[in-house]
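Each in structure tokens, the structures are laid out below.
In what comes next, chain A is part of two complexes: it sits with chain B in the first one and with chain C in the second one.
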Partner chain A sequence: MMAMLQDLAGILRRSGATTRVALAVVCGLGIVALAGPWVVAADPYGIDLHHALQGPGWRAPLGTDELGRGILGRLIAGLRLTLALGLASVAIGGSAGLALGLAAAYYPRADQWIMRVLDVVLSFPTILFGLAIVAICGPGAEAVVTSLALSTMPLTARMIRATAGIEMVRDYVEAARSLGMSDRRLMWRHVMPNCLSTLIVFSTLRFGQVVLMGSILSFVGLGTQPPVAELGTMVAEGRNFLFYAPHVAILPALLIFIIVLACNLLGDSLRDVVDRRGS
Partner chain B sequence: MTGRARFRNAAAFRTSPRAGTCMKRYVAYRVAVTMPVLLGVLVVGFLLMQVVPSDPAAVRAGPQASAEVVAALREEMGLNRALPMRFALYLRQLARGDLGRSLINDAPVATELGRAIGPSMELMTACLLWSVPVAVALGTFAAYRRNSVFDRAIVMLSIGAASVPVFFVGLLAIWIGGFWWQLLPFTGRGGPFWTRAGLASLVLPAFTLGFVLLGAVVRITRTAVLDALSSDHVRTARAKGLSEWSVTLRHALRNALIPIVTLVGLQIGYLIGGAVATEIIFSWPGMGRLAVNAITSSDLPMAQGAILVIAAAFVLTNLAVDLLQLLLDPRIRR
Partner chain C sequence: MSAPPVLRIEGLTKHYLARDGGGVTRAVDGVSLEIMAGETLALVGESGCGKSTTARCALRLIAPSGGRVMFEGVDVLALAPAELRRMRRRFQFVFQDPFASLNPRMCMGAILEEPLLVHRMGDRARREARVAELLVMVGLGPDHARRFAHELSGGQRQRVGIARALATSPSLVICDEPVSALDVSVQAQVLNLLSDLKRALGLSYLFITHDLGVVRRVADRVAVMLHGRIVEIATVGSLFGQPAHPYTARLLDATPVLDPARRQAAHDPGAEAPAPAFRPAGPEGCSYTGRCAVAIARCAREAPSLRAIAEGHLVACHRGGELPLPAPFEDAALSSVAQRRLALLDRLADAASSSCNEGASHVD
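Up next, the complex of A and B:
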């Protein structure tokens, strides 16, 4: 873990302006999402039909949507929800992938089965999971998180299996085993902590992808439903007023673009850490 | 033979000296591996109908139907039999090309799907036709002028293209190309692509969808061409006194094609996701829009049919890409 932090600090020192800007953007968006309502006291759900579809002005800094709700307030609420959905998907898919990857690395007999089944899961695109899950359970945030977690899981498991495989042949594992440590304890206390840095870097890399795919699922109507303020859903709603009030759809779309771009730029620099450790 | 050993053998086929017979075996193996996956798709498609809480017979009969009518309909639809029996019935129906009827308008699902598959393929093909050549050209140029301003600009463009949500491009395209300049139609399909109206209506959707692939293909092309440029045969070509441009195009790019095809194959999943969004933005009468509309209106037979077709198309495309890769690799073609 310490080595990992040192790597990260080294990358930041050597990184160019782009990486730093990307990091600043990600941190800034995270702070805005966390602070949420305390930054701008705007109600994302307050309807005011007298001031619908207005451009930016004094009353609403970024204009209002078709029901007169302030776009700035909705963007902040949407950012919160979108980032939370992304985090939940990465966390659930990542933990499941961690468990399966460790099991595959640790038990050679289970390895074949786990990896072949994951290959099949991996061979289907996220949108198909989304369509199938929504067909069964109906649209909603849960469906989006489930399908994103499902498509994150096999990728993480592969990554962890490779990392844990390297750790398994190290001396300390041999030493712990010869001291009579139980399998579960050895895996939990020694191998798993050494895979965590890979997991964290990989999850960061994955986060941008997850937000992008999640926004597409929400946009086509498989995710949260109006009036919930979620960025993809907001674009879908605003699309109907594109010609009278383009900002209603364009602003949330632009915000998604900025989130994903910043994550991808940051991920590019972080990837060096994983690659160096993998080789 | 364990699965791992088989996979290792599959890899060994590629470099084996007896490549001719091995290639046939690899093709047979690859096709055989696809079968269980397709069967899995069928099982999932079937189970999709079973786990849904609503009773298909009750939905079909309508809200005013009496209990006897629903019971009779359940019997007629075979809903009272055991699960494996119903799966067998389902397979028999599928073999006949009968996917059931829509709960919304009672139209046969197979007919509706057949009507949607053409436009979807048209859209994807048009997207591939512009985005892959443009991306390969940009990536090759970036590698040729590595570390120049062009290179950096192209790399930035590719990261941007990989990060932009497809609906953002779509909305901008509609706003600028359709509304502002009033150049092109942006709702629905004007007809088949060989008609003037059809071609015009295809431009904006295909342009939009292309952005899903653009970023990744530019990057892999640049990396693959750079890799190839540092290999021995390229050094030989340079030593022969060929121009750098000719070396890049005829010797480096040709070798780079294999990873590019692999990547395009891997991206097809994203492409389908992008196509669903694109079809909805442009009201394109394709498979993705059909699937989403069916799902959001709880039209299960239609949704199931659409999901089945998309999944099967995806599995078969992956198979085709794998086989195409074999053809491109001259070490195996012999």
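Up next, the complex of A and C:
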């Protein structure tokens, strides 16, 4: 834990302006998502048909949608949900991928089986997974998370398998083995912690992609359903009024863009830091 | 030879098959060794001759292809995995690169506690006390327990590597080039530490190295390896005094001479002979024939096996024992080369011990 904190401090010290801005944006969005509903008293679900499709003004700082709901409140609620879906997908897919990747690296006999099955999973586009899962259990947040986690898992597993393979031929692993410890302890105490920085970098990059993909699923109607405030769903609803009230679709789309861009930039610079230390 | 040896290796082999099925590399080819209690056996040879592989195979970090290994009367190669793990507390490794062999994410206290945890030795308080004791034993302070590998100097890291090996109170420690990654001044400190620990704890060492200066300093007996085989075993005195194998003589001659004036005199005319690749699969003939200055026709036909030419002095050479070897290998010249190296190590050790910990923390 101490080592992780020290790493983090080192990364910040060496990072450039891009990293800091990206980090600030990601942190800012996270804080807004967490604290927003208590700070901005805007109801995302209160319908007011007399004030539908209004531009920004006193009543609603960012205007209203076709049912007169305040867009600011809906953006905050949508941000919460979108980030939560992304986090859940990356966490579930990432930890499953971590376990499978480590197992594949450690047990040569399991390696071929695990990797070939994951190759099959990898060959399906995420959107197709979404369709299949929606067909089985209906549209909703669960379907989004399941399909995104499923498509994250094989990518993470490959990354971890490669990293663990490199770590396992290092001297400290041989030293640990010569102490007489069990395979499981060797894996969890020695190999896994040294794969974590790779996992964190990869997950940051993947988080941006997952948010985008989740919004796409919701946009085409496979994810969360109206009236739930989710960024992709909001874009889908707003597109019908793109010519009279462009802000209804553009604002949530812009927010998606900012999230994805910040995550990609942050992931890239984290990768640079980790790579530099590795070489 | 009354007490049984701590480690007895008989006919150990490790063959690697080429990936295309094209041939066999005999990395270790029928090595037999014995290490007595309290003895330091040095295993020397050029890089790639199978020194490290022998040690790793003997203690099953790599699975050997054949042979027998008895450790304290137990057949190591026949142990079940769980029994082998339990057994590992009795024999431990010290590795060449102390930075690479310490987990970068663990502090020294955790690294030293780990062998105790793995072998369920003592409760929390006892383990902490043991860690502090180990750190003091290798000349570090208790405050080093909270440091990470990148915060220590090379010498300090290797001290931790040694402390880790000693944590479970082993009887045999395999030191795989333990000082070759260190500064010469730090080498002397670490070698002194190893000698002190051996005396205090009654350890046996299998000491793998290519540095004959180090051998002279720490070893009781020396085994010289070439192309996966042992070509000569003798006590340090007789090996340095009367090398019986031409390869041993060449090795001794190749010991770096620090005085440029003497460097010329010790030049070996055969030194430029091309170094052959690994011993070919066909085992007929002595693998050193191509580089040997005293080879005879028989050497190409028939591989020599180890035979005794004096009490405790074995050599695998058809001409072993016949030789007073040619000019540059005379006793006086050889021992003076070794003496110079030894004297330098001694001087450095003295200088180092006068500024012991001070010096260690400055050198990196």
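Please note the rule applied: the second predicted complex is superposed on the first by the 253 of 279 C-alpha atoms of A that agree within 3 Å, B and C clash if a C-alpha of one lies under 4 Å from a C-alpha of the other, contacts with A are read in each partner's own complex, and residues count from 1 in each chain.
As a working rule, a residue touches a chain if its C-beta (ideal position, glycine included) is under 8 Å from a C-beta of that chain, and two chains touch if they have at least 3 such contacts.
It should be emphasised that the depicted structure is a prediction, and the values quoted were computed from it without experimental measurement.
After superposition onto chain A, the modelled positions of chain B and chain C are compatible, with room for both. In the superposition on chain A, A:190 makes contact with chain C only, while chain B stays out of contact range.
In the superposed model, A:125 makes contact with chain B only, not with chain C. Between chain B and chain C, it is B that contacts the larger number of residues in chain A. Using the contact criterion defined above for the overlaid structures, shared-chain residue A:243 touches chain B, although it does not reach chain C. By the document's definition of touching, neither partner reaches A:34: not chain B, not chain C. After overlaying the two complexes on the shared chain, residue contacts for A:235 are found with chain B alone; chain C is out of touch. Looking at the shared chain after the overlay, A:177 reaches chain C, while chain B stays out of its contact range. Angle at chain A (Cα centre) between the Cα centres of chain B and chain C in the superposed arrangement: 100°, in steps of 10.
In the superposed pair of complexes, A:47 makes contact with neither chain B nor chain C.
Residue contacts after overlaying the shared chain place A:264 against chain B, while chain C stays out of touching range. Per the superposed model, the minimal spacing between any CA atom of chain B and any CA atom of chain C is 10 Å.
Taken together, the two structures place no residue of chain A in contact with chain B in one case and with chain C in the other. Of all residues in chain C, only 59, 61, 84-89, 92-93, 95-97, 100-107, 114-115, 118-119, 148, 161, 164, 168 touch chain A in the complex they form.
Residues 2-4, 37, 40, 44, 48, 51-52, 159-160, 162-168, 171-172, 174-175, 179, 268-270, 272-274, 276-277, 280-281, 288, 291-292, 295-296, 300, 303-304, 306-307, 310-311, 314-315, 318 of chain B touch chain A in their complex. Listing the residues of chain A that touch chain B in their complex gives 112, 116, 120, 123-128, 131-132, 134-136, 139, 208, 212-213, 215-216, 219-222, 232, 235-236, 239, 242-243, 246, 249-250, 253-254, 256-257, 260-261, 263-265, 268. Remark: chain A residues 2-3, 170-172, 174-182, 185, 189-190, 193-194 touch chain C in the complex.
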